[in-house]
Amino acid sequence: MVAFIVRRVIAAVLMLAVVSAATFAIFFLIPRALGQTPEGMASRYVGRDATPEAIQGAVKRLHLDDPLIVQYGRFAKGIVAGEDYSLGPRKAECPAPCFGYSFNNNQPVWPTLLDRLPATMSLAAGAAILWLIAGVSIGIVSALRRGTALDRAAMTVALAGVSLPIYFTGLVSLSVFAYTLGIFPGGGTYTSISENPIAWFQALVLPWITLAFLYAALYARLTRAGMLETMGEDYIRTARAKGLKESTVVTKHALRATLTPILTIFGLDVGLLLGGAVLTESTFSIPGVGKLVIDAIRGNDLPVVLGVTMFAAFFIVLANLIVDILYAVVDPRVRLS
Amino acid sequence: MTTAPGSSAPDSFLELRDLRIHFPTEDGVVKSVDGLSFKLDRGKTLGIVGESGSGKSVTSLGILGLHKGGRAKISGEIWLDGEELVGASVDHVRTLRGKKMAMIFQDPLSSMHPYYTVGAQIIEAYRIHHKVSKQVARKHAIDMLGRVGIPQPDKRVDSYPHEFSGGMRQRAMIAMALSCDPELLIADEPTTALDVTVQAQILDLMLDLQREFNSALIVITHDLGVVAELSDDILVMYGGRCVEYGSAEDIFYRPEHPYTWGLLGSMPRLDREPTERLMPIKGSPPSLINVPTGCAFNPRCAYEGRTGGKATTEVPQLAETEGGHLVRCHMPPAERRAIWENEIKPMLEST
Amino acid sequence: MTTPLDVSGQAMEAQPEAVLQGTGGKAIEGRSLGQIAWTRLKRDKAAVAGAVVVVFLVLVAIFAERPFGGLIALFGDSPNIPNNDLIDPMTSAPTAPLGGISLEHPFGLEPVNGRDIFARILSGAQISLLVAFLATLVSVVIGALLGVLAGYFGGWIDTVISRLMDVFLAFPLLLFAIAIVGALPDQALGMKGNALRIAVIVFIIGFFSWPYIARIVRGQTLSLREREFVDAARSLGATNRYIIFREVFPNLVAPILVYSTLLIPTNIMFEASLSFLGVGVNEPQASWGGMLTRAVDYYQIAPHFMIVPGLAIFITVMAFNLLGDGLRDALDPRAR
Amino acid sequence: MRKTKALALAALGTTLSMGLAACGGTAGGGGNNTGSGNQGTGASGTAFNDAYTKLVNASDAKGGTLKFALTDEPDSTDPGNTYYAWNWNFSRLYARPLMTYQPAPGEEGLKLVPDLAEGPGQASEDGKTWTYKLKKGIKYDDGTEVKAADVKYAIARSNFTSELTDGPKYFAQYLDAEGYKGPYKDKNLDDFKGVETPDDYTVVFKLKAPFSEFDFLVANPQSAPVPQAKDTGLDYEKNVASTGPYKFESYEVGKQLNLVKNENWDPSTDTTRKQLPDRIEVQYKQNADDIDQRLLNGQIHVDLGGTGVQPAARAKIVGKPELKNSSDNPYTPFNRYAMMSTKVKPFDNIECRKAVQYATDKVATQAPWGGPLGGDIGSTAMTPTTVGYKPFDLYPNGQDHKGDKDKAKASLAACGQPNGFETNIAVRGDRVKEVQVAEALQASLDQVGIKATIKKYPSGDWSSQYAGKPEFVHKNNLGIMIAGWGSDWPSGFGFLSQIVDGRFIKDSGNYNMMELDDPTVNELLDKGIQTTDTAARNEIWSQVDKKVMESAAFMPFVYEKTLLFRPSNLTNVYVHPAYGMYDYTWLGVKQQ
């Protein structure tokens, strides 16, 4: 088991290294290949009235004239060991993990990310609880009542749910519940939970429901399909042949097998969302990681874009890791392999 | 007995009367079992033989009541130890399952829950029907594992199914089925997934255990070799119906149905030259939705021409030919026997 | 099966291996798998409805602007012509009630410039479907190829391709797409303007969704590899290439068809999301996601401008999903 | 122009319908126009655009918290590192430059008054040396006194370092400081020869060439003093040494700034500011619609950006008289226009440029800005609020400016392109309004056979790599470029020089995108900036405007306006013409 975990952790770290290199390549190598010069990149960050000296100064300050491999080395070193940055009259220490300083507001990226994380986490956690409960229970009931009107209705709604773009659902819900009926506050009213838990809750109700609706629809479909497949398994027949009550067959035998892969996907989905729910956060103006990165992309703020991408990849890889390990715990067959 | 369905309790331990199990699907009604009747006494073994899709597994699950409450339409009667089960409540049949009647499934790997230890699954089976503590049940499980010949049962009880070899898994499966001393044991292709030497061990084990528990045993298989070793009586199924029924000797030495001949012909035998051609049955099993008109076997039957056209128009009756030996064929008994004696048997014995 | 597209969220429904490994025990004689599937599909009312809508949409897209101005010209207004006289300059909303919905403008008018939404929806349908189809084609080609290689050869090839899929799945996809499309030069590869943009969007969507196809194909190939007819071919001395193309591929057509059909709506959503985030096709070419972006500022005063393109996306995606679900059910009765 | 920011000298032009005489006298010094004092007690007593011409809700009541909200975040709160017009307005709450604008609506607000300085700059005979005397006794919030060296240091850091890049670099451009490496590389301030400080209260600027509008340059917040010992470079924004009526209490970058009263601010040294609220809170990165909502509800007092309300709120305000009466619709310093490249065929032929001028439906290009509330249809390079502005229209394009196809076709024929031609319209892709303008323009041109393709470029690289790079423009055939401009200091020179002076055509970062290099224009600009007489100077600017328009390469769409809302609990409100938004140093709040 220990060896298994160690192996998985090493694989995860390698994966992050690959992702970081690829990310770096996409944001630095591709522009370079398309003819971008260090001066060209620097000119974005020196204001409207940049003198050639100022541009050269920015090139030097941001080390844009170094070979890309050196730049990547510095980027990687910053993440692992930290890096010093010039803020003018003095050097600023940027401790590991250091993703550098925003080109646009000169703030270190890592604390900014951490600062944005609670909003994203609030959104993801609330929605995850909702969709897991709703999606899975609807899926189970649908599978057990297969072919009934209930099943058909639930699956129609679920199909509609996965067919609706989330920003559209979001806008419609804002339009109806916030601006027409005034039941919930509108977009951009997110408040941190420590500041005002009630406002936090109110502001997140619509985003939660919007995000959870999409995922619940998906999970209902997944759970139903998984449940149907499991209910057709030989070991379910065996359980019935033993004389087990149907309820026991469902809860003890079928659910465990059905939910294990669902939980796997759940872990990955939550991991994905923690890296920023770009569309939901944009639609509802929630100051989370996703909103941060969209703003950063629009503002050409490469360090922030890189940081968020790495951050998001980290969560995906971490989720994969946790899921792998959990799977090994839940499914005895995995341990040997 | 084939034509006289009664409603009173029979003498035999198990009796099926005109059992029909139909599945309505969008493609049509699948008549998996279509009028099946037989009897079985305690201590006796019945072999049910047929190709896949002939309805034999559906029959066994039907007896256990596992089609109840689903989409299946079930009619006819199943009498077990004086009780009628088709009309009995789902819940009542459930209490009989595992205790009064148990089943050994074909593929023990997929038939055992991968997430629970073998011990846990036997314990669960035992505790459904016996109000005992987990410790007692565990002792019983170890005991059962030992009895089916699993070495170091006190250790293996905590192993998962995937940690067992195929043969050991089948033994564990049998241990689970026998944990509540069932009076009726149904084994569905118990040895298909095993290699030949292990097959023999498992078959021996089942015979021993049957004797020990004096239970009635139904062995379902497509392999005549298996039933040859185990069975007192043999029932050949085709297209959801019984086409021939008789004692093991009847079936092996005096078979009268062309389909049975085909089965015998396609049975590999160790005493035969490997170079020799088997006698395969041409074609494939019939659709259970659109069963061929007349005799279901007619499209594949080499003797279809000898029925005077009845094969394609009229469903043959299952009729007694002599001493409890039943055959469903349009050809007159004498002609059937003659074909067997003169054409088929010499071919099979042409060593 | 549409993936939840919030940013990066892209988890496919996980029932890959189960699909299409034979039609189960109830043997039905005399009809091929294709015929059976067709019969089943015809009976699935939802799938038929989906198919009808899909065919309708494809026809609408094809004939939207051609020949001779196509359907758009037939119904009057052009998608890019402003109608400022129908807009209240003080509020930027259409002067007439209900967003200016009328016989001439069945879906109403765009705020600010008064362009005809009906024409723009039709025009946008071309982009949506074109991008979705082509992107699906790209991912199917890449995914099928790599999936077969991984599944058939196994060993280090499988390891490399599987790891590659993991890496791709670990990327916050939407972020990359936005960044790459945003950093696009104006002309490259002999293309420029919208042609280049569409090509790049197609490539990105296709390039990032191939692992979903590859995963399924790999699984299928793994099991096909062990099947008798492959053994038979091999024992007859067939080359790997022959086996892959003549023996394995034909058996992959059904699952690839099903999952391509289910990938199309995902790609429609993806294109719409890119357009919504401002990195879709260039103006004034209409796109549904782009219309929704514009609608964000006006949904309180001109809700029709949000609802119409939203419903267009919804109906299209739903139709493809219904059809895809139906196809899957038809080809794999066990999944019902 | 990298960001939406800049100031304008706003001399209210004759097109303004309201009489400016009504607001005689400055709003400062407590002397208000007699009527407004009574009216100011309730918002209901005010009318649409009232704060444009007079002080509304006048009150000297102190206390309360003044709340601002902003959709964006500032480039920096450091007065030496910012280029946003609103921030030049806002930073005066804690930073005092040498000169500042008189606090008054209308024309009076465009005049400069000394702030840190005792009086306006004294120019030398040759116009190349400008001397300012500092007021004595002006203190930082920690009680230490402001010294001349601090002003010199502030100029040095904001113009000569590669770290503080966000502000303009006029001092670097005009000061005679050849070879100076900036205070971060060269710690010895004496090496900075462009500014001299003979004593603690005298600052002398040494220029390369005469510059008669230098007072405007030092009204830029970059001249606000910074003690060298306190400078932490890019981090200075977190703890600015305050000279104004407020000082930093706390600042979370990108989230919130809280200001409290600066006890060391002495009102007797400051004639332009008030200190009414107890504290000032600013929330950054707020949702635009939410800001409007809270503004309408009175939960916040001002949308800090001064760019006006969103379409949803605009519709509400337009629809309800009581809301409309609490709003103002001032000009911003911006002109929104298209430039046609004189170096890209066929626009090298003036007749083809004229064809575009005539063909364009300017009502359609006005709509994206928000219709009449978003700007008046323009016909000149300078805006009505620029000194020297005179209205004229060289290319009347039909009734209501909806385009004149016949004239356009005639011009096309004269150009030798009777059937039209193909060209490209470059636009900043992330600016939705500008893209909508491009779409409208494209549709107009299509009517006369000019087939234009819209090319979107990211605004971040717009001037450095795309429209601002002539080589790129030529290579990619960018005939028409959609742009906007607001000047950095209030004069025709400030507005026009960067965008029309042929000698300002740069290889990159070029704002004269039409590449107009007309010797007459260049000479007039030189002549103007050396003319010390204001009236004569302003006359020259209007001549420049006409010359530019004669080239037909500059096509204005709108003189931008915004719709500002003032909640009833906001007191002491007027639109400061130098910023085109409310004077943030004057505001107070009504306590509930």
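Structural remarks
By written order: A, B, C and D. Residues from 1 in each chain.
One rule holds in what follows: a contact is a pair of C-beta atoms (placed from the backbone, for glycine too) under 8 Å apart; a residue touches a chain by one contact, two chains touch by 3 or more.
Predicted, not measured: the structure shown is a model, and the values here were computed from it.
For the pairs B-C and A-B, the count of C-beta pairs in contact is higher at A-B. When every chain is represented by the mean of its C-alpha atoms, the one lying closest to the mean of all protein C-alpha atoms is A.
Look at where the CA atoms of subunit B average out and do the same for subunit D: the two points lie 92 Å apart. Centroids of subunit B and subunit C (each the mean of its C-alpha atoms) stand 50 Å apart. With centres set at the average Cα position, the gap from subunit A to subunit B is 54 Å.
Taking each chain's centre as the average of its CA atoms, subunit A and subunit C sit 23 Å apart. In subunit D, the residues that reach two or more other chains under the touch definition are 289, 430, 458.
The residues of subunit A that reach two or more other chains are 298, listed in rising order.
Working note: touching chain pairs come out as A-B, A-C, A-D, B-C, C-D. Per the touch definition, subunit A reaches subunit C in the complex via residues 15, 18-19, 22-23, 26-27, 30-31, 34-35, 159-160, 162-168, 171-172, 174-175, 179, 211, 214-215, 218, 221-222, 225-226, 228-229, 232, 261, 264-265, 268-269, 272-273, 275-280, 282-283, 290, 293-294, 297-298, 305, 308-309, 312-313, 316-317, 320. Put simply, subunit C touches subunit B in their complex at residues 25-30, 36, 39-40, 43. By the touch criterion stated above, subunit B contacts subunit A in their complex at residues 61, 64, 66, 69, 94-99, 102-103, 105-107, 110-115, 121, 124-125, 128-129, 160, 162-163, 176. Subunit D makes touch with subunit A in their complex at residues 1-3, 73, 75-76, 83, 157, 161-170, 172-173, 183-184, 231-236, 253-255, 285-291, 293, 430, 458, 460-461, 463-465, 508-509. Contact residues on subunit C toward subunit D in their complex (touch as defined above): 80-82, 84, 87-93, 111-113, 182, 186, 193, 278, 282-284, 293-294, 297-298, 300-301.
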